[in-house]
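Down below is the structure, laid out as structure tokens.
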């Protein structure tokens, strides 16, 4: 269920900017590792470490954007796919070199452990916290992107880059900032999720499918979409695993197919 | 010349190095015991995960081009199965150092296994659990070894008078365990038997187990040793305390042979590194290979080598005395009951009881009876 | 002979609350030279899109040669002889001009699904395409990729594709847009030279062209037919002047 | 009076391909220039070069006294150039109103209200997405969008295409008024030579990437034969 | 390439791959088993190029057909005693075609990311079925003991992979002939039309959707044959023939070689698989770093894949030589 925090970042880069960034998990992984390092090596408290993960990942992504990504905005989707797969492979090798084979250990502070009692059932505190946190995040982002001029400018730049410049938009700077935001969110998600989805060098590949599903089902170009999709898939998945565990593995794919056939643009998609 | 095939890349690429390191360590320490003039050349190959066609291609090349005298290694069952015909056709002994599905050794007369079968740990676990608990729930990954483990445990547990109140198979790639845990919690068994492939998924399971309050509800988490591999314990933290597993190897075992092994390992690869059951399988496998070489004075003949293997006993294994079953070419080894405890500030699988000193593969035993 | 080449009965379309086609009854006579004019956003393109099947009407019927084609899909309508050009040029940009036309001809002839004989050996298709290009003065560009042509010539390719389909009814959405006024005469000549049994419906804001070409004009305003009549009547109509032509009539 | 825009011996094109050869022109402040010529002679390329969308090979472009040919596109816009591209290039996923808002630059003359006044149709369609309006409405939006930047120089590439005669009339009228009242210079590329000549002071005819004639619009308007000769010349 | 203005005759350089393959057979006898693998992947990549490069259908689910073909051949050989290699191929082709037509008919109305996810979902579901139906497929342990009779009763699959190599080479050659023919035909031109401008294709009366289903099915059939070949060469089938990974690998190989060029499907797998094989032998734990760098470099410096780069060089070269000629005059 953590998937949506991570996927929100993806819906910024992929949905909003239209870059097929399969390497999104790389940024999430980086977030996780940074969190782990910050806590274990430098003894930072959890909230601060999460913040550090966000900041460092965005900063790092700016470098990557300038050096590599920015050359590929205009390239076709196939080139983007190939490029981001290449990036995944490189980052996996590097992560393995630096962090070794094992998952990075992450321990939550005590106030986030345990269960809370809601409506006569026990829910793990941390999950409840995550859901609330991401709902807030989405609300803030949604306001930022769909309700402000900034959001419209990003969408304009994606629709038609040359024309966006012709109305005075500095697309280069805009894309850089947006990309940094998207990646930073991925890093944030990776850090927050590290307890549930352990961060290891193979991370970017393992969860790729889930990210894609969430974004596709949610719909490109929409921020609410991935949130709702992640929640929906998360709940449906959990429910089905609970009631009919025999079909656990099929469910997510069958559900994806059903939703996409019903609404080919995704739940809230504006762009195909 | 040994052709060594294992998995270095892909989702389970972390497993290969545990095996290769053990082999290299053994060779390094025992090099001098070899007959004069004999040198071991280890040719390592990456099969990239459960990827039988790649494994087969590699084995073929090792045999045809590199002309290896022995094949060894292999994490995954399908890869071992795909290589088996090549071992047969090319008459090359094939020492399996991990892949644990019971049937493998029946697929080629040239296969010897020095690792384990899942039945070997899950069956005794079932027998033991039947004495302690009335009801059990099983949760396994939905693939071959998982099915083996579920079946072995179930057979032994019910034979011992226990009752399986529920069984569930989770997809191999499953990021979230909350739903399963809730299901288990609602079924209120005395214990939960879990088998999932070694690695970080196990950590996720542990955390979910604790987060959903199963531990507090008095459900005991048990399983074959894969769920609390020694290298993962630090990541699990407190939540793993008290988990009971049955396995043939624990890095925390106090046998002198093991202490030596672990110490050498740490010296060679760093203080934070611990060997695990893959390492031990490979270590002992290499010991077997050395035995073959020594007895034949460096000139390996396939049939002879297999004969030697069938007679092989090794009392000084880090896991205790082991031998090869001459009938099945499979390993006979002790199985231990372990509990996760804190030792010197670190979590460890502490052996609390030896369930059997020479456990044969129960599956093959059952097959024979039929 | 059937009474009308193309006909709509009570055709309606709305996008949400916005009604863009409001019970349109329209008849295109066989061999007609008919123009559809109206203010921006009156619903002309939408109307043509419904005729061709690119969008589905909310209600009403469309008849082609007397047969109801309301539910027939776009491609099948083309095969029944309904051709069109696009208001915004829609071509195979990277392909040579000849291929652009040949693809259409091959579809018409049913050659397109053939998988064995090389396309370039289908001489009948290529010859026909080349001939068509010659009549439009595009011969020299036959092997040039469309995207390298200036916009005006692209418009001609657009028309060439439509003609290659040998339609019985041809719908032209602003065919002369972007063509300089000096050259729009050429487009007009081409259209005038078409076989008289093809019924043509043209949408155009260039009144010179409309009044020279059309023998009948329909004025559409806010999804409704305001008037229909001969060019002189339309030019003289007060209401048409008010909503569309303005004072400086170019007729 | 300084020139609003001056080009001297400009060579530009797309990549290696050179389209414009030695183009020079000067446009005074509040001046207006019609650019005529057949299809493919480089009219669009000329405007695109002033905006900075082409590959610049040689020469210089001055705008309001500043040399701008090396500036990025958006900087030129911020200096006060507005652009109505051929083919409209509306942002399809933005609403009509958003299309206008993203282009807004500070300045007193043009606001949402004034654009809506000029094209009441756009106000009615303000919540439609860019790809949900008719061709003519898109054209109006493209013009409105350029005005929202409060430009000192407006480049218009066939802005009348697809507009109903009555709208054309209104637009030309307000253009004349703009030129008269506002501090605005205009370059107008148009296929309908007559209309273009009526509203502009100067005219320029291009052929194969070169300027082959430059003079007062009135003269050409008065001499249709010469006009036809120039424009057809290729 | 393809279309009404192109020359369908086989040019001399098009024979190059075959010359290289035959040379490899004699010069590199120790690498034939890798060679056979490469050939199988080329055939698989060709089938993908047909739909991706020519019809513009992007898919991450092509392994569904490959895998189905592989399992069909495998199950027939292991469980039903159908050991004739040609029969196995035929059955695999049929099964894949059937799956192609039935899934294609459902999903081909969608495009882009949606289509991508649908195809991915399909192969994942097929993978899950193969995993669950372990009595038939062997589940995660794989299907071993696949019997394949000698080809034409004469050529047995040997340990050195000679038979396998020639067998795959012949299959690939036939597949190539077929696809090449198809691409140069009006049908191929029509596919290009759909890729370039689908709306336009509708407007000239083409039943686009059915045409896509048709070409998808053809491609699926070919992928099925490739899968069956892999089974026959290995006499084993594992779950790794299904799911995201083989599809993704294939896509990478094809893009690496160059999409929509026919020969990109040759170059890509050769470069990718050989690079992988070589690097993995040198650096088993980190070889994918090298592959990653390769991909990034190709994207940055060779749009259109390796063949795209070759094209650019070729053009630059011929431009220079022609200008040299011009100045000499």
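Read from first to last, the chains carry the letters A, B, C, D and E; within each, the first residue is number 1.
As a working rule, a residue touches a chain if its C-beta (ideal position, glycine included) is under 8 Å from a C-beta of that chain, and two chains touch if they have at least 3 such contacts.
Source: prediction; values computed, not measured.
Considering every other chain in turn, the ones in contact with both subunit B and subunit C prove to be E. A comparison of the A-D and C-E interfaces places the larger number of contacting C-beta pairs at C-E.
A straight line joining the Cα centres of subunit B and subunit E is 37 Å long. Chain centres here are Cα averages; for subunit B and subunit D they lie 75 Å apart. Our note on geometry: subunit A versus subunit C, Cα centroid distance of 47 Å, whole angstroms.
Each of the following residues of subunit A touches two or more other chains: 96, 249. In subunit B, the residues that reach two or more other chains under the touch definition are 13, 17, 142, 171-172. Listed by chain label, the pairs that touch are A-B, A-D, A-E, B-E, C-D, C-E. Note for the complex: subunit E touches subunit C at residues 2-8, 181-182, 184-190, 192-193, 196-197, 199-208, 211, 214.
The part of subunit C that touches subunit D in the complex is made up of residues 15, 38-42, 44-46, 87-88, 149-153, 174, 177-183, 205, 207, 243-250.
Residues 8-9, 13, 16-17, 44-46, 48-54, 56-57, 60-61, 63-65, 77-79, 81-82, 84-86, 89-90, 101, 103, 107, 142-145, 147, 171-172 of subunit B touch subunit E in their complex.
By the touch criterion given at the top, residues 1, 3, 96, 101-103, 105, 107, 113-115, 122, 124, 126-127, 195-198, 200-202, 205-207, 210, 234, 237-242, 245-246, 248-249 of subunit A touch subunit B in their complex. Across the complex, subunit A is touched by residues 58, 106-107, 109-114, 116-118, 120-122, 124-125, 128, 131, 244, 248, 251-252, 255-256, 259, 285-286, 288-289, 291-296, 298-300, 303 of subunit E.
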